[in-house]
């Protein structure tokens, strides 16, 4: 980022470097939420609907994992993806994919835990009716997930918020490479350390604005959906 | 007229249902056969709801067994129940019907027709697209009935379906019950309203404190009750 | 820069696909935060790419961390500034050959108010002694970086065993040059910095150069290809191309041409065999 331009100038003129960074941030965080949802939604629903020994303990652990420190996750993924690590042959260290993996690891417990809570609450409401309607297990899960979709969207949003805001994991596994793995949060960290505080603040405001915009978009979609389906 | 189906007769063989230390149903022995509606009466807490849910297959007996067509553990494919407070799925009224038809093998135009048919039966065709959870209590009860009927059940259970409804909605429900009963569906219904029981019942089961107190054809129950509890109940003097 | 194509690649090989980038013409260079923060790479890497078409991805860490990245095989080239550490790296067999590339110097940064009376001086040892004697606040990078190792060496030259003699005035923060400068600026403390990062640094507060020009503040940069015999997937041709370019007249000129506010930051010296 040309450091003699003011932060506001960059934002208003749509500086291509800034646009690229914003684009990457969104791509990484949204991909991470997608992957986390793919694993977290069914897993959370499964725990909600099945009984097995140690279930309570698993739920406690799952809830605790919502607070996984990002930097610890970053370190773990880094060690796994390093050439000297078990998954080194994938060659993913210092790439956007590594950042997606790290954030997906962070976000999956959030989505799974919130899904479990939502589905369990809805199941206690629907249980008798669905049993009386002779609905089989797979269809039950699909029904619960669909009928709980608005609450689940909130869970996804919580996951997205976590991913978009964190820097500790992605700076370790991504390497903050200029033009390649530099996102909004890592750019803010960098510009801060270079002492360009006005630019860092400007980037910070753009990041917050984007997060608010995503939330507003989901809110609108949710309201429209609720009006249609009740 | 429908031929006798696999789920009937429903036989209770010395069935006891307890939850913890509390006995809700106490050594029930009865048989539900096809024919005119069976109405279950009794004061509050007598176990009517549990009896219906057990006959539906939702409650496992603590002792004794229940058989459907002489078999145990029959899944509720040909049975349906309308709960006292039915739960609406988060969809439109027609969406709720479409949902239960999902595993029925009916699709396309035929399905659409069936949805319309069953909504019209309960008088809800004009609000087919409204979100089900936004319907009034009476409308939800009628939708629950339509939903149960859409599954083409052989046995239809209704748990105090008109308890919280106004007279107009009550009439709609009772008319539908009569219609489907005449069409061959076995109706098993509970009520605390003696007048309603008189209107609808072919035969009566009276419960008191979890036990079957008296059974029999409706006319003989109402005109010549045999047990003391039945007499008191009909006189409005049996409370709990 | 990131483009549509790259984003589609991200979407397609979301998590577990074989990394598309492994096949691209690119290398990973582990270098130091001071080199990155000075802006040098922004200037020279586009010139290298224009000539060879090779994308250089710089992961900026402390020297110690950068060498460890090379040891793990996570980089193709290491470009740092701590000759003893680099030679150890070579001796362990992780590098192929060390080439000197350029030098700059360190400067002692401190408050303009000159609390220990050394501003304008040319003797770094005297400066450090004064700081310790007056217990003036001093920020150390503490991160095994080239700058940190140089700082430790200077304390030794001043006859001070800093591990034993440090007090609450000596703050070791374990972070990069920019963070150290920020901390020094916020607490009006002394800090040893490389000139390049200082020139590019914006949040100076009340700080200025206290001591400079001492020959002992000389800071040499070296580049090494990571040994493909230890890590077979190292991109040795592309990595060697980068090394060769850095020490070529073209690369050396590019380095010399990099200026901030008209002032040259790095002095190319690949032809100096003793560097």
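When the chains are written out, they are named A, B and C in that same order, and each has its own residue count from 1.
Criterion: contacts are C-beta pairs under 8 Å (C-beta built on N, C-alpha and C of every residue); 3 or more make two chains touch, one makes a residue touch a chain.
Remember, predicted model here, so these are calculated numbers, not experimental data.
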| item | value |
| --- | --- |
| Centre-most chain [mean C-alpha coordinates] | A |
| Chain of greatest Cα-centre distance to chain A | B |
| Intercentroid distance (Cα basis), chain B paired with chain A, Å | 47 |
| Whole-Å separation of chain centres (CA-atom averages), chain B against chain C | 80 |
| Intercentroid distance (Cα basis), chain C paired with chain A, Å | 34 |
| Overlap residues in chain A, where contacts from two or more other chains coincide | none |
| Two or more partner chains touched - positions in chain C | none |
| Contacting residues of chain A [partner chain C, same complex] | 3, 16-17, 20, 23-24, 27-28, 31, 34-35, 82-85, 88-97, 100-101, 104, 175-181, 190, 192-197 |
| In the complex, chain C residues that touch chain A | 1-3, 6-7, 10-11, 13-19, 21-22, 28, 33, 36-37, 39, 41-42, 57-60, 72-74, 175-179, 181-182, 185, 200-204, 231, 233 |
| Interfacial residue positions of chain B with respect to chain A in the complex | 56, 58, 75-77, 79-81, 83, 86-87, 89-92, 95, 99-100, 102-103, 130-134, 151 |
| Sites on chain A touched by chain B in the complex | 125-126, 128-129, 131-136, 139, 143, 147, 228-230 |
